[in-house]
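Same chain, two partners: subunit A is paired with subunit B first, then with subunit C.
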Partner chain A sequence: MNIIGIILFPPIAFIIGIFFIGLSRRIMARIQWRYGPPITQPIIDIVKLFNQSSVSHGIIFGLGIILSLAGSIVVVLFLPLGKICPISNSGGLLVILYLMILMPLGAALSGGEAANPNTSIGISRKLILALGYEVPLLLILLAVMTYYKTISIVEIVTMQQSVGWSLISLPLLLSGIAYLFILPAILGVRPFELIQAPQEISSGPIVEYGGKFLALATIQHAFGLFIGVALFVNLFLGGGGIGSISTQLGSILTSAGLGCIVSFLTGLIFFLKMLVVFVICIFINAVYPRLRIEQAVKYLWKWPTMLAFAGLVIVFIIRR
Partner chain B sequence: MSLELLLIIAFSSAFITYLLGKLSHRLRDFFAVFVSCALVVIIALFYGKPVGNTFYLSFLDLSLFLRLNTLSWFFAITIAVVGVLSIIFSLSYMKRKERTDFYYLMMLLVNAGMLGIVLSGDLVSFYIFWEVISWSTFLLISYNQGSALAAGMKYIIMSVVGSVAMLIGMLSLYASYGTLTISELAVHTSSTSFGYILFLLILFFVTFGIKNAVLPFHSWLPLAHSEAPSPFSAVLSGILIKMGTYGFLLVMYVIIGLKNFLTLGQGLLSFHYILSVFGAITIIIPTFIAVIQDDAKRLLAWSTIGQVGYIILGIAFGTSLSIAGGILHFFNHAAFKALLFMVVGAVEYRTRGVRDLNSLGGLIKKMPITFIGALVGVCGLIGVPLTNGFVSKWLIYKALILEGSPFLAFAALIGTWGTILYSYKLIHNIFLGQLPDKYKDIKKAPFSMQFPIIIFSLIIILFGILPGIPLKIINTIVTSFGFESLNVTLWGIASETGALNTINIFAAIIIAGILVWLIFKAGRKSVSVAQDDNYAAGAYVPHDKYHYTVNFYNPLYRMISPFLRDFVDEFYTKLAGWGRNLSSAVRRIYTGYVGDYVIYIMLFMALLIFIQLKWSIW
Partner chain C sequence: MDRNNFIKWLKAPAKMGHKYSLHVVYFCTGCGIIEIPPSITTRWDAERFGIIPVATPRQANLFLITGYVSVKTLKAIIRTYEQMPEPKFTVGFGSCPINGGMYWDSYNTIKHLDKYIPVDGWIAGCMPRPEAIFVAVTHLWTLIDKEMANGYKRYRENYKYYRANQEQLYGKVEWPPLFPIEDKDESGPS
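Up next, the complex of A and B:
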């Protein structure tokens, strides 16, 4: 089962991520009264880019983007999707948190080697923004880990199947709301699109990419979207479960020898939850203008941080 | 081989090196490297062979002892390894400098003194070796003269304050128990009053806090680290300040003992919790001060203070996981911080003394090995998985989260994200970006500099993938303090509440990396271009100025810099100013007129008579 998971998970994550990119362009187009590209456009672009010529600025220029993409694939393997988690019990949420550093780190190394001020400005903004949203995000994750008294993400998902989603369980409500507030920043959509900011810094970190570099960067972006949304769904929307009835149904089906169907169904539910969350983020993306970096950090350190802090205090008092 | 002989070799070789230097520099260099290597081998041979109290000297009425247990072995081997590598690094770094004989004498003396500290079996020897390193450190910090003299002076003044505190603590211990042997003190203190233990802990907190640069005693460190010669900065940051950590462990868990220490006060007001809070503050503030530094060594110095916070937080929090994490972080920090100081030293050597992060750039093309060293060191510093820093931080976080201290855990975690900011700035501003014209002809670092950089990089990666090797030794230390044993495996920790398995992570990253690399290779081949061949939206690319490094995190600076003044240092400076004013005021009474002095005497006599009449004391 685990081997199948390891082989299947990255392609599934890739397909979902790339579908999200296509979908977001489509929805954005409709909101703006345009027709929009076909939903398969990102895949067509990637295939085309692999066949195009490109320029390289050195070894790290390539290795950085490889590291970034490899890092995101590894994170995917540590995230439970529905009922299955390919590599569990290897350090839990803390390892995921630290593996997620590989993505910006690889991109930053590659961008630095590009020796273009636009990339450097983009990376500087990316790291500042990351610091901005990590403050509330860490408070939220600590509240979750303290509440469930474990650092294992698989256990957090399992426990939600018996006690209900974290988002609607009262002690974690504030943390969940705070997480929703910072989700656009984590995904890098407007109003937090300042890393790429095409009109200001010519797409920032990816300005020097062309051909296969740009293709890998797009794939990495797809994985990044998947990870950002999947982490939220796992921690606050109960992963692949929809309450105790589904758990009972699942155990009946499993005992009847239909374990595969259960895995498929939980996976499907997981995907639907991700879709809802992502579409909400696209709507936010469609209506808001871009913030400046100071405004973004000020926003992130104000309301979401206060909510997350209050959430952590509540959990801390309950669990003492 | 006995412990006395080990120390005799260590100390005498320092002086022999000095004398050999008068004959021939090559001979001196060879001897210094040889002796430091020999020390590593000798200490390595002691592994697993604890030595009980060995009497070596009698001083006043006290017997002085040496002893070796797992704790001191672990510190000793770290000292010896960092020592030998820094000596090797010095070979080319010090080549163009003056007074090199003196430099080697002091370097070897510092190493010998530190070995003495960890091998001491009683507090008198501890104090003597402590003073040896304090003074030789002072001489090394001020080696470069000029502004280094002020840095050294600041260090030695704070160090003397610490020594005095330790002396008071020792005298009071001697007055109470009549012995200063560590093993006997440990027996005596088990039945001591609450107040006395608190008194001792506060005294030793001042001593070791100053050496270890815990907030609010950190203010000597940024100056000292940036002014000292780079190989010595590596020793200073890597191991010398960790003598404070050793002292903390010794006082808290050996002399005072686990039970007394952890039951000192209750809940949030217990001593160990307050010390943990000090650790947490020491993580946050210096980390963000490091982000706004422009001098490479100053940045690393502030980063050192921040990392010390993790160590203090780990050992003060007082569970077996957190202490294992704290001790492991001591070792890891010694490796990656020594490495980073050497990287900066190599850059400084090749660019003839440039440490300013705003004027470097693009050196990756000229110094590739040094860049790899910097990258590995920075990854260790951040705690990227598969480097050793990750394991120790993971242990500390897990202990903090599962023991219900999420706020301390938050301080530690957010420190990591600050670390990412300054680490990337360090790497980007030195090695990435555009190569300025003036560094076009720079050569790669000499072999004697690359060798320690490579060794440290290998250590960082090896112990990141197989953390079980040091953890096994640390587990022995932790159990010797009386904590429950950890379930250590070769690749991490097995546990019910979340295990660590670095092999899984390693395999996943390697396989994913190869996979992506294959996809990358399958794409059409790319063409290498010059660094000026950049996209500038159709604008002209200004030659030699197309670089974004100055004020790298400018938006963040503007937001946080008002909060990041070093209030403690300002307070100390003010205190020193008051002292100076007071002294000059006192000096005014020496007017030089005999009549004035007679009046003073008369007034004093009158005061004495008044006191006697009023209260009849005598």
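Up next, the complex of A and C:
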């Protein structure tokens, strides 16, 4: 069962991430009163990019992207999607935190090899932005782990099915709002699009990528979108469950031998929740201009950090 | 438009990919660039055909030269063209890149762009309307289908000719040759 999950999870995450990229281009077009590309346009782009010639700037230039891609694929295996989680009994949230840093690190290694000034600016912005959102993210995760008294993300999801979503439960409300505030920075959408600002630094870290390198970078971006949204849904929106009634229904169905259907339904509910969160992020993306890097860090270290810290204090007082 | 023809995708994915995912470098040389913003924004929306502007030549496969080409700009055009990954397509926009246009007697303007880089198609007019870009793209699709959009192959085969023209213009060209120039005549038949 676990092996099937390990084989199946990365393709599912890739399809969802690619669907999100196509959907974001489509919704952005509709908001701007355009028709927009077909929803399969990112796949067409990737097919084209793999058939182009490409220029490499050294071994690390290619290996860095592969490191970043591999890191994001491994993170996907630790995230429960609905009821199933391939690697459920090892590490949990701490491992996810460690592995998530591989994504900007691989891009930084690869960009350092390219020796383009725009790449250097983009990479430095990426790492500074990571520094900006890691502080509130760590506080939020600490609050969640303290409240549920576990580091296992599977247990956090299971507990939410009996006591209700974390976002609605009062002690974790502030942490959830803080996560919503930093979610655009994790996904890299518009108020925090400064990493790939095409108008000022010629699309930043990916400026020297062409052909298959750009295709791998696009695939990694799809995985990044999936991870950012899935972590929020798992921690604060109760994963694949919609309340105690559905849990009872699920246990009845499982005892009747229909476990596959339950897994599929929870996966579907999980996907719908991800869709809602991501569409909200696209709406924010559509209306806001781009911040400068010092404005972004100032914002991230001010409001989300204050909210997350207040949430952490509340959780500590309740759980003492 | 056969973008949704699944059998064609299975037969020739590379060709279909090149057709329906044209990433464009708009080379803003002259007045022609003013026709580009309407074509990529709400009024004519080029993105529904998969055409998006990109910020760097490494990611592009269509090169649109909009307006007259001065001698100084041509350097940047050649270097941008040589950095693009193959297969790459070039389209000259407006009458100035074709034959000089209204700058036909200028001392500082290139009269025939296709002496210096290969051009796959022209859009005539002064100025062409934004619809002309879509007509040109439709023609480019036909050319890609029939494998006649082979400017990058011509550049590789006749690189000696293009390089000689560039050297004739600039005296000495600052950048190294993209492809090796073999001198068959001097090496002799031995």
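Here is the rule we use: the second predicted complex is superposed on the first by the 320 of 320 C-alpha atoms of A that agree within 3 Å, B and C clash if a C-alpha of one lies under 4 Å from a C-alpha of the other, contacts with A are read in each partner's own complex, and residues count from 1 in each chain.
Rule of thumb we're sticking to: a contact is a pair of C-beta atoms (placed from the backbone, for glycine too) under 8 Å apart; a residue touches a chain by one contact, two chains touch by 3 or more.
None of the values given here were measured: they were computed from a predicted structure.
When both complexes are overlaid on chain A, the residue A:L8 reaches neither subunit B nor subunit C. After overlaying the two complexes on the shared chain, residue contacts for A:A286 are found with neither subunit B nor subunit C.
Once the two complexes are overlaid on the shared chain, A:I44 sits against subunit C while remaining clear of subunit B.
Touch criterion met: A:V135 reaches subunit B, while subunit C stays clear of it. By the document's definition of touching, neither partner reaches A:M306: not subunit B, not subunit C. A count of residues in subunit A touched by subunit B and by subunit C gives the higher number to B.
Looking at the shared chain after the overlay, A:L253 reaches neither subunit B nor subunit C. Of the two partner chains placed by superposition, only subunit B is touched by A:P117; subunit C is not. Contacts of A:L102 after superposition on the shared chain: subunit B is touched, whereas subunit C is not. Looking at the shared chain after the overlay, A:I27 reaches neither subunit B nor subunit C. The residues of subunit A shared by its contacts with subunit B and with subunit C are 49, 51-55, 202, 207-208, 211. Against subunit A, the residues of subunit B that register as touching in their complex are 362, 364-365, 375, 379, 382-385, 390, 394, 397-398, 401-402, 404, 406-407, 409-410, 413-414, 416-418, 420-421, 424, 427-428, 431-434, 492, 497-501, 504-505, 508-509, 512-513, 515-517, 519-520, 522-524, 526-529, 531, 533-537, 546-549, 552-556, 558-559.
Chain contact summary for the complex, subunit C toward subunit A: residues 3, 13-14, 16-18, 20-21, 23, 41-42, 45, 47-50, 54-56, 58-59, 61, 83-87. Chain contact summary for the complex, subunit A toward subunit C: residues 25, 29, 32-38, 41, 44-45, 47-49, 51-55, 198-199, 202-203, 206-211, 214. Against subunit B, the residues of subunit A that register as touching in their complex are 10, 49-58, 60, 62, 65-67, 69-71, 73-74, 77-78, 87, 89-92, 94-95, 97-99, 101-102, 104-105, 108-109, 112-118, 120-121, 123-125, 127-128, 130-131, 134-135, 138-139, 142-143, 145-146, 149-152, 202, 207-208, 211-213, 215-216, 292-294, 297-298, 312, 315-316, 319-320.
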